[in-house]
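Chains here go by letter, A, B, C, D and E, matching the order in which they are written, and residues are numbered from 1 within each.
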Amino acid sequence: MISIDIEKKLKAYKGEQVLKIAAQFANGSITKIYGPSGAGKSTFLKIIAGLIDPEHGKISVDNLVWLDTATKVSLSPQKRKVGFVFQNYALFPNMTVQQHLEYVSDDAQWINQLLVIGKLETFTSHKPEYLSGGQQQRLAILRAIAIRPKLMLMDEPFSALDPKMKSELIPGLKSLWDELGTTVLIVSHNPQELEGLTASEMEINPM
Amino acid sequence: MDLTPIWLTLKLAAIATVILLIIGLPLAYWLSKGRSIAKIILEAIITMPLVLPPSVLGFYLLMAFSPKHGIGEWLHNAFDIQLVFSFKGLILASVIYSMPFMIGPIKSALQQLPLSLSHASYTLGKSERETFIKILLPNIRASVLTAAILTFAHTLGEFGVVLMIGGNIPGVTRVASIAVYDSVENMDYASANAYSLILFGITFIMMVSVFVFNKYKAKSPLE
Amino acid sequence: KVAVAANLQGVIKVLGKDFKQKTGIDIQPIVGSSGNLSTQIKNGAPFDLFLSADMSFPESLFKDGFSIKEPAVYAYGSLIICSTQNIGFENWERLLMTRRIKKIAIANPAIAPYGKAAEESLKLKGVLDDIQSKLVTGESISQVNTYVTTGTVDVGFTTRALVKDVEGKTTIYWKEIDPKTYTPIKQGMIILKQSKESANALKFYEYMLSPAAKKILKEYGYGV
Amino acid sequence: MDLTPIWLTLKLAAIATVILLIIGLPLAYWLSKGRSIAKIILEAIITMPLVLPPSVLGFYLLMAFSPKHGIGEWLHNAFDIQLVFSFKGLILASVIYSMPFMIGPIKSALQQLPLSLSHASYTLGKSERETFIKILLPNIRASVLTAAILTFAHTLGEFGVVLMIGGNIPGVTRVASIAVYDSVENMDYASANAYSLILFGITFIMMVSVFVFNKYKAKSPLE
Amino acid sequence: MISIDIEKKLKAYKGEQVLKIAAQFANGSITKIYGPSGAGKSTFLKIIAGLIDPEHGKISVDNLVWLDTATKVSLSPQKRKVGFVFQNYALFPNMTVQQHLEYVSDDAQWINQLLVIGKLETFTSHKPEYLSGGQQQRLAILRAIAIRPKLMLMDEPFSALDPKMKSELIPGLKSLWDELGTTVLIVSHNPQELEGLTASEMEINPM
């Protein structure tokens, strides 16, 4: 189980906004996170991954403390090793599709399996610059799942995909998550796109 | 014409460039992360040797390396290392002298990379070191290349420092730049031109092949 | 290993050859400016003998205990005025003041003996102040030589040895300056205590003072 | 101690850096766009002066600038411009000598910028020139800064070339590096140290203030 | 009227794919463009804007020829001056929100009007790095419309916006377009998001 209780000031230009969240996610669950633009959804995911530190708070995963500002514990992102799909993809410009996956896994069979799920088998030697928006987004998803994460954080992961692609991709991901027992948090503002996938949801609102 | 100085020079420039790559890359990385007063000062110190006329820098280094005092004495007594009038000394001097050309371009290029690249790599469980080598460096390849070429060329042409602490000993510290200098001093313009042409030629070929190789490598399957 | 002042660069090869013929010993000349060489010696340069372009460097080395033997004069430098143009030097001090001469090269009087000599001579002739604005100083005598032989300056004051050095390459017109108008340019040498081959060093030292060496030096325009 | 050489040096370095910024920025931009053999060769030529020992480069420039031949003669006859033994000549020599330090880092940084930045600017109706000045340059500010500092420092310390074509004329071409050199030759270490310290000091203060200013400027309202 | 007839090889890794489109768009119309990921939608927009040249083709706008590969005519992107919203935003990292808009217009009132429509009034001195995904996307839209374009090309312009934000933003844009008489092409694979806005649509399929 993942339990989170954090508080972080968002430095908006005029005045200040506080991101204050307390939530718990069951192992293996898939949760949809939504809320208005600028509410702090991306920030929330980055705090969980260890990329941003909140002012106050505690994060623990299966009784292992990832973060506790009171005792000044904060595991590095490397130790937390969550599968993170960045909103802007953050692909590596120097690497081809194949190299992205080889960077995180040396299991050739696993890589092939992922390429098939993401429908990128024929693009293995393309660099991100030469991929379409949807191809880039699928690569970002594959790279994140390639590390076989226990926890997967996805920031608008399907925004560049057409409905058909989405409906073919999601079942593939779902079965991998089931296999790996992954807990998944998905930020999305498209009300329909996660229908049937997520059981629980969480709203983030600016305060 | 005696070709030993040319070989010696190439050896010196190659070794200095390699050493500077090894120590310069991590140092540039460290300097590129955040800005503290300590880093600014260290950076200023690295740039300092540039500000001094080479012969004067050579003089200071001679003082520092001299087996008669300080560091030089200690090295001499403890390890029997003699830095003055030896090839080792030339290497050390070249490293000090050319360091800003290696550090500067790489550091500024690193600062201009988006943070999200390293963040993505960290979440994949990769250490800072691996991220630096496999993600950051390849994405500033052009700057690393520029830095290496500037360093190499500058070490080839370095002269004042080398003359002062190397002492123009044939086969040991008489590098090409000194040989050319001697020829000019001696009004033997034919040899001076010949040496210069060889240096030119080697650098030229080297640069062109690096660029061509790089162009080839950079070619995507789509082009 | 013999540390040799830059102005001897031409003649040292001939001397070395002659010495080898006579004794079978090879010398390895390390050429540099006298100032550089003496700084290097003070900091542990592995030289056996030092042929300087003046007296002060060997003397200072002796005073600092780098040698047990006092420096000896092996040659006197002679100063000439010269140009690549045949402008006639009969009345050179007058000539320098004419508008025809725009740039005059001398070595830096502060650091080069030939520069000091040229300055003394000009002062004695009473023209130094008038031509001050035409003066260009070279850091060493060889830089002055470069200025002269390339025609960058109209005239220059340099060593007589230049005449021999450029023989067959460039034509220069020159005239010796009256040695009475400047302090003699004594060139001194010194045997170094740290020498590892002191026996051979001593032999070369003695050779430099021998008539055979003097003959060669004289041919190259040095006073002996 | 005579401070004229220090002023002269600072003037020389500042002018050379400004000139190099003016000609170097467009040139680096042009070199960064695509790779042709012509560009590679031009780049190699720009780097060449680095490979030659300064005194030898100085000798070549002396030949070129001399009013007795070629370019120098033409300039002298046509415009009455005298490049040898003049401050103008020093500036030109410094520009040639320091050019690779200005071009290299800027060119490689430009190559590393994503193409989409200029594309976006073009669709907004902005010319290549305006895009370069307002979009590309600000995004490689760190590299421009590095290039300017390397150029400035290197011009301060430049010595061999300046000595050869400048002729050490007090108040005109006697820059600080020559003054330091003279002092060392003369074993007047006190003056040599004093001059060096002043050069050090000025550069140091300059670098630190540039960094601090830059840090201040770079501060976002969010930090 | 805008009339387009182009052909461009897309260099996919294995084999080749040809983008072949002939279409006409009435002045002032709003058209939705859709099709599977990697079909060539972004490429199509870039060809119209003059950022990519097709192998064959002709583009003319109100009888002015923008491109004709037969006569080797090709107007520069600067001359075509279309309002382009890039799929990856392509914001300028060195500029604040305000500066982005000032870069293209010096009409302070117009800029304010745009900021209000995009709900970015309180973020004027933020650089892109410090904006949330949705804020970045809105800035990209505002920047493109700031030049008052006759033709506006939008590549997935609403993918990072929540439904409420979208429903408030679109009417604002619509009224500006009506005012300016702008012809608009919008690439979108979200079937619902443009409901009521677009009258015509066009499908791009790989061949």
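Assume contacts are C-beta pairs under 8 Å (C-beta built on N, C-alpha and C of every residue); 3 or more make two chains touch, one makes a residue touch a chain.
Computed from a predicted structure; not experimentally measured.
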Minimum number of chain-to-chain contact steps, chain C to chain E: 2
Third chains touching both chain C and chain B: D
Chain of greatest Cα-centre distance to chain D: A
Where chain C and chain D are represented by their mean Cα positions, the distance between them in whole Å: 36
Intercentroid distance (Cα basis), chain E paired with chain D, Å: 43
Centre-of-Cα separation between chain C and chain A, whole angstrom: 79
Chain B, residues touching no fewer than two other chains: 55, 59, 139, 184, 221-222
Where chain A touches two or more other chains, by residue: 11, 13, 88, 93, 125-126, 130
Multi-chain contact sites of chain C, meaning residues that touch two or more partners: 36, 39, 146
Sites on chain E touched by chain D in the complex: 49-51, 76-78, 80-84, 86, 88, 90-95, 103-104, 125-127, 129-130, 143-144, 147
Touch list for chain B against partner chain C, complex: 55, 59, 62-63, 65-68, 82, 84-85, 163-164, 167-170, 182, 184-187
Partner chain B, residues of chain D touching it in the complex: 35, 40-41, 43-44, 47-48, 50-57, 59-60, 100-101, 104-105, 107-109, 111-112, 139-140, 142-143, 145-147, 149-150, 153-154, 156-160, 177-178, 180-181, 184, 192, 196, 199-200, 203-204, 207-208, 211-212, 215
Chain C to chain D touching residues, read off their complex: 33, 35-36, 39, 60, 103, 105, 108, 110-111, 135-139, 143, 146-147, 150-152
Complex contact set, residues of chain A against chain E: 11-14, 34-38, 41-42, 87-88, 122-126, 130, 132-135, 138, 155-156, 159-165, 189-192
